[in-house]
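Dropping the structures in below, format is structure tokens.
Common to both upcoming complexes is chain A, partnered first by chain B, then by chain C.
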Partner chain A sequence: MKTSTLTAFSSVERGPAIAGLMIAVFLLLFLIVPVGQVIFVAFQDPNTGAFTLINFADFFGNSLFVESFFNSFYVASMSVIVASIIAMPLAYFTTRFNFSGALLIQTLGIIPLIMPPFVGAVAMQLLFGSNGSINLLLEEHLGFTIPFMEGLNGVILVESVHYFPFILINLSAALNNIDRAMEESAQNLGAHGTRLFRRIVFPLAMPGYVAGAALVFIKVFDDLGTPLLLNINNMLAPQAYLRISSIGIADPMGYVISVILVGFSLLSLWISLLALKDKDYATVQKGGGGLMRRDLRTWEKVGCYGVVILILLLVLSPHIGLTLLSFGTVWSFAVIPDGFTFDHYTTVFDTASQYITNTLLYAGIAALLDVVLATSIAYIVWRTKLVGRKWLDYGATAALAVPGVVLGIGYLRTYHSFDVPIINEPLASWWVIIVIAMTIRRLPYALRACVAAIQQVSVMLEEAAENLGATKGRTVWRIVVPLMSGGILAGFVTSFATASVELSATIMLVAKDSDAPLAFGIYEFMQSTSGRGPGAALGIIAVLFVGIGTYFSHVIIERSKKLRESNSIVAEGGTT
Partner chain B sequence: MKRAHVLGAAAIVLSAASIPAYALSGKLTIVTSYPTDTTATFEKAFEKKYPGVDVEMLKKKTTAGIKYLQETSDNNQADMFWASAPDAFEVLKGDDLLAKYDVKVGGIPEKVGSFPINDPEGYYKGFAASGYGIMWNERYLKAKKLPPPMEWADLKKPIYHGHSGMSAPSRSGTTHLTVETVLQGMGWKDGWAEWKEIAGNFKTVTERSFGVPDGVNSGSFGAGIVIDFFGLSSQASGFPVGFNYPKVTTLVPANIAIVKNAPNAEAAAAFIEFILSTEGQELLLDPKIRRLPVNPATYAKAPKDFPNPFKDKTIGAAVKFDLALSKGRYNVINSLFDVMITYRLDELRGAVKAIQDAEAKLAGNNNADAAKLIAEARALVNEVPVTEAQASESDFNNIFKKKRKKATTKVTGRQAEIESEWDSMVVANYAKAKELADKAASML
Partner chain C sequence: MTANIGNSAGVVINDLNLSFGETHVLKGVNLSIEAGEFFAFLGPSGSGKSTLLRAIAGFGPRPTGRILIDGEDIADQPPWKRNVGMVFQSYALWPHMTVHKNVAFGLEERGVPAPEIKRRVDAVLDMVGLIDLAERRPSQLSGGQQQRIALARTVVVEPKVLLLDEPLSNLDANLRVQMRREIRDLQKELRLTTIFVTHDQEEANTTSDRMAVLDEGVIQQVGAPVELYDKPSNLFVANFLGSANVLQGKMSVGKDRKCKFQSENGVAINLGAQPPNEGAVVFRPQNVRISKAGTNCKAGNVQFQGTVGHMEFHGNIVRYGVDVSGHLILIDETHQRGSVLFDIGASVDLQVKQGQIMVVPGH
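This part shows the complex of A and B:
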């Protein structure tokens, strides 16, 4: 939509300026204003409406809230550590050795991301809970149990298993981008083994690791569904949700918690940016070679496979548990279900297909909007000299620091009494608001992919096109966008896959069952005895849908990459 | 004989009152706390009967549903409110958010147990009866060698430490009713003491009422406090679970009402008539729903061993539930329970466990000092920060009400401030109680 408006302009800066203005208005309406509302209420006296800090005093004076704060902090930090322990060996093995399991790791390692973490929580409770399969077996054969899922442990385990791919992806990319010359020089100077790793490889891979770790920290700090499903109340996000949903939208504490969530996320984002700032490692180093790969000796191979299989079993355990649940009849205090059936899938196809269509529609629109917005922002920031263009980038990226709950509360607060013309319904309860929430929440992902893509397109190609008489709009449409297609597609896939499992914001915004997306549908199903099986079946269907979608777009990206490598880059620009 | 009479009368009235499926149309929006199994079954049957109507279910927890109707009252989009807890309907009625309606369909008696089925003022109608009780997992109890708990008092026993669970009244309307029933049945002080001793054994306080049957079904914990249909429907789904009504329980109607200024009041009325008709009442017996119908005639179609409150007069007769009392302190009870139990479960459990251990050591011993310390510890645990009279004061309650009817309604104090005070007291008490109990144990 916006790209087409871009093409229509002949004047050099007018098109981008109008597009930029539209994006700015969109961000203002659906990110800045709602979040501002939330912040505003936090500083308001609930009785008089005057400005006050008393709500914050109440927050820090209440030992429960302070405890929740520390619990959230503890869980987020521990999840980063556990996720690192899971991700590091996988990243290292695949980049360092000629290891035939690499493809397996790269494929299976991403799958946890495409399942809502709370669904994983249900499955992991069944496997690792105090009376789950593992502990029942342990108790029977060895006479002891391990409290994997007791209290905060459960949240940490579920979150680490869900979010470790962020570290895996970023760390692998960083390791692959290390210039081989660095390693060779170090070896020439006598560094080997752990010293080489500690002094050369690890520091060089650090920015990638920090980027991933910060993302994990923020995501865990904000996550709502997992603690809720594990009945953990003493954390910040659940406290905010519980205050709003059981005391009311006017209770100031929910807003104070939201402000603290946003502040903390911004802080960690800023720290990670600082860490990345001096090390321009990402896309410029293309063709740097990566680490030297070597072959493994037989016993090393056995060891590697052992570790990898163990880790994969752990990270895929939610899927294993969910599969068992979706085919199981009665599963009660037993290692596996009593019997197996296809009934749950039949139920889902009979009664719940609207969740699937809704999700495809919502996540599809959201991802499409995301790449349009992201491409426009990337172009404006890197190809124009518009005043304040950097702020578009900052604004869109800031969405990363806004927890879904906060965005949800903000929308409710801002758009509750705003009726959409013609349909005469409050905007806050119209299904479009869910799409907008998804768009805003996933825009940072698409933006990073598109920015990376535009940085790889040489300005010379555009200048050449313009010299040959193409207008600015035509150049964008025929040269820039096609050359960015790989990045745009990658952005679309990431946005789509993660938007389709979104729950934090949607749980606040779904007003009608018929408007509900998949994650919400699963959550609803999981609330009744006979719904657990169908809920699990719906979860498996979701994983398959998103998984297949991700796989195909991956194939397309790879193919276009190969195509580009074989043709000369200019020739490709001309033919597409 | 009496039963046959009722049956006959019901049949006549019903056949006379069956409504013609005249052309109703439009959207019917129902705010409900019920799970998909229940709502989907009724939605399907109703839409089949009135093809012109599109039923839209808006799922909210009872407490969130109340908030939702309160928040949106100036621009109401909902036609009906459909939930279990009558006290929730009382709150809505008190806020003038419900519309009166006269039911046409017959065959529904005045009372179930000692509770009137319909609101005497005509705002909301009972469509099913619900009692609160204890459900347990047979396999779990067998593995841990525990007997099934039959009464509330059983759940206080040390053998059940870490084996039971419940939801919180602030999250679940039905749980609120259970808490209130025990408080009314045993009195303010003894009632709270009962809850704390029961809660001291909890493994978890679940976020939603369904968390309890879910935990019992999957065997996360052995026993839970639930509304009857959770237990009965789990049984019907084949889970190895049992259910029992304790003596101090109240059988109350689950209700439905038309919201004031409903956009489609005509269809809403048809829905009420439908749910109370023979056809609608029989839907309640569906294995996935399993609620007690309010039409006594329907029990003829119920499976064997299905509890029948119109025949078995012991169910829910012990407590006469006072709705006005419950309504007057609704939010205070929620907040008290959360501060004393939900959010301080670890501390409470620690104190109760220490007391239980000390008492176990004391058994058979004759140590007056230790016994005195234990009694002190128990008193500390059971202390409630507000008196019964204060809990019902309307000024005090206003602090916990966020939406005031008039801007002039005077409020002193903030909820967060008061809760923080309670919290400090409760935490200090639990710590002190644990200390005293440990000291008592060390003397034995």
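This part shows the complex of A and C:
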């Protein structure tokens, strides 16, 4: 039957059409249906199966849930504010002044992202908690303590330190993209100082800031790992997880929470899209982009470095704490651990190496699948005229709005009674489902990398190949894919690095310890005080994975950028 | 209408020097621009013309020397105090404001009362013919409309001087001709001292009262367009203002006190009376007559023999390249319907009136 529908396509488009159909089925089975199922159950009467809003009424009638809802909202909003407070001075220093610490600030923008927030959470507890290093020092020398990590504060601090780069990156890009003539023309017409900032610079940078802030909001709102590790359960994502894992997949509350999480995700994405819509202020012209920069006076320089170093210490604190914890013997009621040892690493390699091998296997397969899917989708969307091709892009990108915990619940609900042939095990508890969850969650990022790559390949290069006798398939294989290789490789590395520390979906899907990946292992270890050392060692290994991955993806992107530049010179220079 | 803005001012620049780090960009610039004059800075890219304009507006590194507007030295004033209006090459219309808001901006900064702002903005938008687009965003305008808004936004504040930084470079060819006429009309109507930066000699010739030709940060010559074209003070100016045949060689004065020029390849040219300075012989392609070999030389003409090396048909003219003893001489012949063109390789005679031959200093 498939072939009969495909005869409708010309022979040229048959290959992409089959690939597109397969991708569509994959997205349908592992994204649309599971999420649809979750939404469906949330509106279903558990007893009769009829449509109802009673589950939502129950949710808002339950004080714990209402409290969780407001806590999640409060934590996400406060995290945006704290992250803004960290990011704004940094963005301002680099774009406004000739500041020699710019490289330091760029580094600051990457360090947090290479450590998943839940990994650093325990280390932050040891540094900033009520009995942590900082408060012990404060108590001893100044006689007071600060409740950095008390209750929700802890989640806010950990999340802000982790996610502020999203605001820093977006805001800096927005400020750098403002054409200097925008500012000069205002000065020419009589504006300067704060009025100039308020009327011209600020409104032009606003869309970038809002986009970054919306991203931070939704990441924090959806995060499951950090509150769980800090033992904060009265928030939405932990409640969803706890309901499903303790009461079971028949309990409607987990689904109601999922619908709320998805709703807020969509709202945030919509706000950031709205902020950026029709406001492509990237108007860099010949005159050189970016605002006017001026040199800093000595005392200003001291102030700037002071702020940057303070933030650097804060940003590095999870890494410092985790490193100390992974090498420390006993660390309790002390500024630093009592002694140092390699035992935790030995323990990890002796007893928990399956976490590492599982992660290499899962994240490797997921990243490979991601780039294959992403390259195919990018090609189908940008190079073919297939009907509905845009929907592949929309479908794959929609995964952005699906929190990991929701995807996990969706898989459990949809596939708990679907037995995989031959192995006779439900799909929902087979390790492959973890790989699929990782694939779906990282697909939007890989897709953007591949779309960017294909947009840089001139169609003329493909036409030249076809003109010389290459078929479509051969052209893709010999021209398109090699030219996209930089983007594909970068997509692979990013997917691999981020999938290897995925927790919120996998935590719901790990059926047995022998199938568990790294992130789950860290979570397991961190549950007990004695496990914190090995947990930290495992965390350091995870950070190394992500750090090395990020470094390579950076190198690859830079190299292909250089290659393109030299290529364009060759093209312009003719035969030289 | 906001016609007859009466505060137009003269600009005097004294010994202006400016460097970007180690690079010396403007080297001892001296200029005097009259009130109400339309003045062009003409030069190739990197000549310093935009830098000079930006220095007048107060942008870029602080120059040494003086910039006087209406007799007042403004070199130490910040850009927002100078009241010199600048139209940017990219127009720099703020994308987050409507056309009306963009134009009102400068008046608001000057604390003009709201009703007057409304009146003046409407008047200037009416003057540029875009009053109907007042509530649009800049992104919804065409290139020509954006250009008019940028101009309106600048003139509405009644600046003492109007600075235009390559204002036509982002427009297509037809619109460019139309806009330069509009700018010129507006300037005449407002009697506004205007400085116009361009790398296009046709643009400078057609619009400006006077112009300064710049190269490598140095003013090469100042004068009216015709004066510069006919009496270039050096070879750079001669070449930059249009195609020119340049012959290098030696000059000698005979016993009859007549001056003779001998080119490097041995072409002799009788210059008649001794020119005021030494230099290269320069004449324009349109001043050379081409004819079949064996034509008699008219009195007062200089004649060469050569062979046609190439021929280009441009429509209004035919351009020949003729090899004269190894020199390539360009000839522009006005094309008449039905006229017979010379073939490549044909032997021809070339004649130039002595009066059309210039002696220009430089190598």
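Rule of thumb we're sticking to: the second predicted complex is superposed on the first by the 461 of 576 C-alpha atoms of A that agree within 3 Å, B and C clash if a C-alpha of one lies under 4 Å from a C-alpha of the other, contacts with A are read in each partner's own complex, and residues count from 1 in each chain.
What we mean here is this: a contact is a pair of C-beta atoms (placed from the backbone, for glycine too) under 8 Å apart; a residue touches a chain by one contact, two chains touch by 3 or more.
Because the structure is a prediction, the values reported are computed rather than measured.
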First (chain B), second (chain C), both or neither touched by A:298: neither
More chain A residues in contact - chain B or chain C: B
First (chain B), second (chain C), both or neither touched by A:467: neither
First, second, both or neither for A:98, with chain B first and chain C second: neither
Footprint overlap on chain A, comparing chain B with chain C: none
Contact set on chain B toward chain A in their complex: 29, 35-40, 56-59, 61, 63-64, 67, 70-72, 74-75, 77, 137, 139-140, 143, 170-171, 203-208, 210-211, 213-214, 217-221, 230, 233-234, 237-241, 287-288, 334, 339, 342-344, 400, 402-403, 411, 414-417, 419-420, 423-424, 427
Interface residues, chain C side, partner chain A - complex: 57-59, 78-80, 82-86, 88-92, 94-96, 105-106, 109-110, 137, 139, 153-154, 157
Residue ranges of chain A touching chain C (in the complex, touch as defined): 179, 181-182, 184-192, 195, 199-200, 203-204, 278-279, 281, 283, 285-287
List of chain A residues in touch with chain B within their complex: 46-47, 54-55, 58-59, 61-64, 125-126, 129-131, 228-229, 231, 233-234, 238, 242, 245-253, 329-334, 351, 416-417, 419, 425-426, 429, 511-514, 524-532
